[in-house]
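See the structures that follow.
Next come two complexes built around chain A: one with chain B, the other with chain C.
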Partner chain A sequence: MKISLSRVQFFLLLFITQTGSSFFSFPSPFIAATGRDAWLIFIVAGTIHYLLLLLYEKNYNYFSIGPYIGWLYKGYWLFICVCYLAYVDYTLAVWGFPETPPSIVIAVLVSVSLYANLSRAETVINLSVILIPLILLFMIFLQFAWKEFVWTNIFPIGEATGKQWGIGLLKAQIAFIGMELYLFFRKYIDMTQKIKGFPLFVYQSVWLLFFLISIFISLFYYTLTGLKMIPEPLLYLLKSQEVTFVERLDLFFLYIWTIWTIITVTIISFVALYVHRLHAKENRKRDTIIWHLLLIVIPLFFLTKGSVEKLNDVIIYVHLTFAFIIPIIVITVNRRKVK
Partner chain B sequence: MKKIALVCIVCSFLLAGCWDERLYKELTIVPLIGYDGKPGEWMGYFTHTSIDSEDTVSYTTVEGSGISIEDARLNASRKTSESLDPSQILAVLLTEEAVRWDLVETFDVAYRMPRSRLSSKLAVVEGEMAPYMEKTEKMGLEPPNYYDKILATAAYHSIIPDVDIQQAARYILDDGVDLDLPYLKISEITGTPEVAGVALFSGKVFSGHVLDMRESTIVQVLKKKPGKFTVFSYEWENEGVKYPVTVELDRYKKQWEIQKDKIDVTYDVKLDITSFPADHLDEKKRRRELEQFLSKKLTQDFNKVMGKLQEAKSDPIGFGRVARAFHPELWNKGEWPETFSQLDIQVKVKAVITRTGIID
Partner chain C sequence: MEEVKSNDSLILYIQNLFHDSADLVVHEVSWKNEISIVCFYNTMTDSADVNRQIEILRQRSIDDFPKWEGTAASSVGAFSESQLIENVTHGFVAVFFPSTNLLMTITIPTFEVRATAEPDNELVIRGSHEGFVESIDKNISLIRKHLSIPDLVVKDLRIGKETNTKVTYVYIESIADKEVIDIVKTRLENIDTPKVYSIGQIEDYLEDTVWSPFPQLLTTERPDRVVANILEGKVAVFMDQSPSALLGPVNFFSFYQTPDDFNGRVFVGSFFRILRLFSFLIAIFLPSFYIAVVGFHSEILPYELGVKVKTAIQFIPYRPIIEAMIVELFIEVIREATIRLPAPIGPTIGIVGGLVIGDAIVNAGLVSNLMVVIVAMTAISSFVVPSVEMNTTIRLIRFPFMLAATFFGFLGIAIGTLILFIHMMNRSSLNQPYLSPIVPFDPSRFKEVFFRTPYYKNNQQQKTFTFRAGKRKDGEGT
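Let's look at the complex of A and B:
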């Protein structure tokens, strides 16, 4: 299977994967750990994110992996998909579908990914486009709470301790998850289209702004004490808004977020199966079906509050291994080989 | 094959929610709830809809008791033929006893369960709860709609804050501002519940202090969160004759100067004259005299209200938020309600008449 991506497709894939599941759950634990300076700490984390993207851009040609590293990445992506599916199912059960069997919900979600991954590559790549108007709608509706924002909530500035900065920079990694796809997709971009420099800076700015808005809205709307009680502050904010056309605005956006997560899982499954096919070209359909069966079965073991929390804690360290440590080792080794 | 698979996927989305469907025939909507009691001993009054033999909707109140408000609802549900569904509440009434406890803890079920409506209005009532749940002749509407309307109208006229269950929690969880909730009492003349002002909270609980309608209107102005209309009336004396003067707040600016143990507050208010039988407002001198009179009266009233807020150790205006953000030396003095009550706060109102109506 040959892939060819335009610059816009590439950045959209990356953006959807990075924001996918974590967007609703990110602000609460991050602000709880960092306090009023959360926005300041995230700007510093964003700078690290940009430096990492620059590092990826400079060295993506050296990032070629063998079957063993490939299996490690497949395991990592399976873990990420399981975390996202367990979290989305738990959230759906709590917010909207307490009685629906989790296996049915997960099977429905995963079947979309199965269908897309059994189809042509374009299906997965272009699936993200449907999210663009939905994300814009989501951002507009968040502004409904504008008149209730308390801007003094972000002051005083500079009170975070060294420990809070450390934990904050670590917790900010949730927003980085998925960035390793840069190394896998970069080489498939049309060579005539420029990525380095301004386009990459624009992507970085959009990503940073997106997460910063979520942090500012949470800080402006809630007190620090209130935020500690609410795991999904943006969803809760939408629940608190009264509109004339729908009784529960939160459910409407819960569905949007579910679609967002399904597409993220689809993209991650696509890259995992693509890496798999680099070294195992036979039985494409069988492997795709097995992968998706795993995605249906494994999350069923992690559907309690405790399990979801544990997965959310562990995911940061697993991500650091696969987005920082392994790429740096692979790139360094391959550079040496070339020399 | 792929098309069939796609159709199956789309259809399965439609079926997935079937397990969670809730039919109206199994539920009865509760648009009005009243609570009385204390932790461990709650009494709930649930006004619910019922369809009588002529297919008309009527309202009945059922009582229930329990260790929490949710337990009280479950207890009351056992006394009805259908389950009481509080997902579409219009108003929640609380006795003075019920608000002497942390509201966030009391309403835990409302904040925790996704089906509860957080935009329902909240109000504190004077005395026993039972009379407030009964329909009186002069109400004109069924009790749930009556409370919804009178609270909305009072908020529209800046008499009370427009507070719902969610906003109440935001105020209670904020150390820098206190909650003020609409206060209702039964009219001695009509025997009908009416808005009487606001109940002031200090920290997380009711302070025991209540402001009347005029005072509570001033609090909404001080907060800079007035409703659509804000009106003040005074008697103006000229050459031994008293004339009523009514002004409507047009727009205004606030300026707070917060120091270590003092707050100077200035409000520059632009007013429209809506009633002034003494006339001659085309004369500059008359307008100046009236502006000076209104400035003096409003300054007096605003300071009087500020004194009452300090006495109640209640800061619904939110000086604490600014102190926390920009004046750590003041904020860190101790608990904010205590600090607030001991501050020297001076309010100055500068009134300017901007419109005089279609006659002079």
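Let's look at the complex of A and C:
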């Protein structure tokens, strides 16, 4: 499979994967764990994110994995997709389809990824373009709530304890999920396009700003006690917005978020199948179908509220393994081999 | 021909070759030193013109002109039966010299061709009001009239063993992509069918896949549109006896551009282009949105509007999808009837169908007045597209969206949108991406999609699905 990416395509792919499913659910547990200083803690977490990106950029050439590590990553991505699908199905069941069998809803969602992954590589790579106008709309409508913002909610600053900082930095990892794709796609970027330096900084800033906005809006709009009771604060915020032309803005954005998640699952499935093809004998159609059958079947075992919450707790630690520990080990080993 | 001994038997032989057709003229003509057989269809060639040309040639022969048979209207070559048939069937005059076994061709066909009127389905407000006609030569001359350059290349070939149809492709040598020209040439040469009588057949063979509702070649009857496109490096394909030209490679957004965009002011052209693209969304999503709202998500409506909707639909005996199907199919029937009926009756049927029957259906309680409003807006939006092919495509693809909305509400529309988007991303026109500049994603070219730029900057087509390869460079083209 030959892929050639532009800088814009690469960063868009990474951004959509990183913001994908977690964007709506991220602020609530993060602020619950960190309190008013959530934004400060996230800025520090963002710095770690940037350092990690710089590390990836410096060493992506050394990130070459064998079949065993490949299988570990495939398992990780399967886990991520299952978590996302279970969560989106659970949310859809609560908000829109309480009576529809979950297997049907998940099959419908997964069918999009199957179709895209059976198409040419460029289709998956460019699929996220459809989200650009939708994300802009989403950000615009979020700002409609500004009249009800209580700006003083973020004060006093600097009250978070050491424990809150620790938990906060850990919870912030939800926003990092998907960043390991940097290591897999970086080498396919057109050689004439610069990534190091300003372009990478711009990407980091956009990513940081995006999540910071969600944290600030949640802090401004809700009290800390209120936030603990609301699993998707941004969705509830949109629900309470009064606009003349529509009564329930949140429903539109629920389905925009669903599209967002489907595209994230599609991209992750694409990279998993791509890694599979690096080491396994190629039977593209069969492998793609098997992968998507797994995506339909496995989430069905995790559709309760308890299971979804448990998955959300575990996902951070699994992510740390695959975004920090394994890449550092692989890069170190390969660097030594080269020396 | 060896068995042919006399001119009488030769005439008989030629008559038999053309099945003794009533309009076939075969007779002897005397030259300075020999006798020849002249053969032509008098329905395709004017007999007086033939006599005049033969007289000119005979005089040149008598005056012992070197190469007297070669004039602007005549040429000579070795005789063959197939050449004789080709000449005569194309409306030329064939002059056979049995003693030297030479065949002289006099090219003076006189076909009845209608005037170059503006095509009814591609009207413009400003700009040229010429349109193609059912003569390939006249159509090419219309192109040449616009482009007085030697770089304009016209290539001919004949396809269909039984119909021997002339197909011509036109491009500008210095601009057109060689790969595209090769693809067009190969696909045309590979057409293996005995009968070719419609440009639609050619389109099927030229398209990358016929299993898509989206047209992959732009059909036009306007010379100015062809000229603008071949100046961008595209190839135009003509078929004799067809007033339509096929243009490729094109992308989806090409179907939303008209010559009016470039004839009008920058802001006006840009505004109407954006409006057309917006109408694409209305034409596809409005009925399915209505079905989803009524069937699944009535809570999104503001209270006042919700009351009106509920009042309008509460006594309708059918589900929204049935209601929508009744009106949609009714509109399609009216449209089809309006096209088939003679021009003076068509508008009357439109008024009777649209107003009288539409009002009666609402009064009878079969459908709600809101549904009539929705479907009427959808129909009008679909007619905004300046391409008949894309118009029919849009009308077709709204039905799956209506079904998806019936089963899953907004989720169905969301999933349908993604599937449609992926389908369009997978398509190509003469192997080049159909959804360029989205595939490959190139934000710098987005302005070309939505805005009419201040001057006509001819850009080459995006050639591959992969970024970089085939990206146009500024200054390329003309």
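Methods note: the second predicted complex is superposed on the first by the 338 of 339 C-alpha atoms of A that agree within 3 Å, B and C clash if a C-alpha of one lies under 4 Å from a C-alpha of the other, contacts with A are read in each partner's own complex, and residues count from 1 in each chain.
In this section, a residue touches a chain if its C-beta (ideal position, glycine included) is under 8 Å from a C-beta of that chain, and two chains touch if they have at least 3 such contacts.
Fair warning: this is a prediction, and the values are worked out from it, not measured in the lab.
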Requested in this report: Have a look at where A:96 lands relative to chain B and chain C in the superposition and call it first, second, both or neither.
Outcome: both
Query raised in the report: Of the partners chain B and chain C, which touch A:155 in the superposed model: first, second, both, neither?
Result: first
Query raised in the report: In the superposed arrangement, which partner chain does A:81 touch: chain B (first), chain C (second), both, or neither?
Result: neither
Query raised in the report: Of the partners chain B and chain C, which touch A:108 in the superposed model: first, second, both, neither?
Result: both
Query raised in the report: Touching A:295, do we find chain B (first), chain C (second), both, or neither?
Result: neither
Query raised in the report: Is A:240 touching the first partner chain B, the second partner chain C, both, or neither of them?
Result: first
Report task. Kindly classify A:119 by the partners it touches after superposition: chain B alone (first), chain C alone (second), both, or neither? Result -> both
Requested in this report: Check whether A:2 is in contact with chain B, with chain C, with both or with neither, and answer first, second, both or neither.
Outcome: second
Query raised in the report: In the superposed arrangement, what residues of chain A touch both chain B and chain C?
Result: 96-97, 100, 105, 108, 111-112, 115, 119, 247-248
Query raised in the report: Which positions of chain A touch chain B when the two form their complex?
Result: 94-101, 104-105, 107-108, 111-112, 115, 118-119, 148, 150, 152-153, 155-156, 221-223, 225-226, 229, 239-242, 247-248, 250
Query raised in the report: Any idea which chain B residues touch chain A in the complex?
Result: 2, 5-6, 8-9, 12-13, 16-20, 88, 111, 114, 117-119, 164, 166-167, 169-170, 173-176, 321-322, 324-326, 328
Query raised in the report: For chain A, which residues count as touching chain C in their complex?
Result: 2-6, 8-9, 12, 92, 96-97, 100, 105, 108-109, 111-112, 115-116, 119-120, 122-123, 125-127, 129-130, 190, 244-248, 251-252, 254-256, 258-259, 262-263
**Report entry** Sites on chain C touched by chain A in the complex
**Finding:** 296-297, 299-303, 306, 408-411, 413-415, 417-419, 421-422, 425-426, 433, 438-443, 465-469
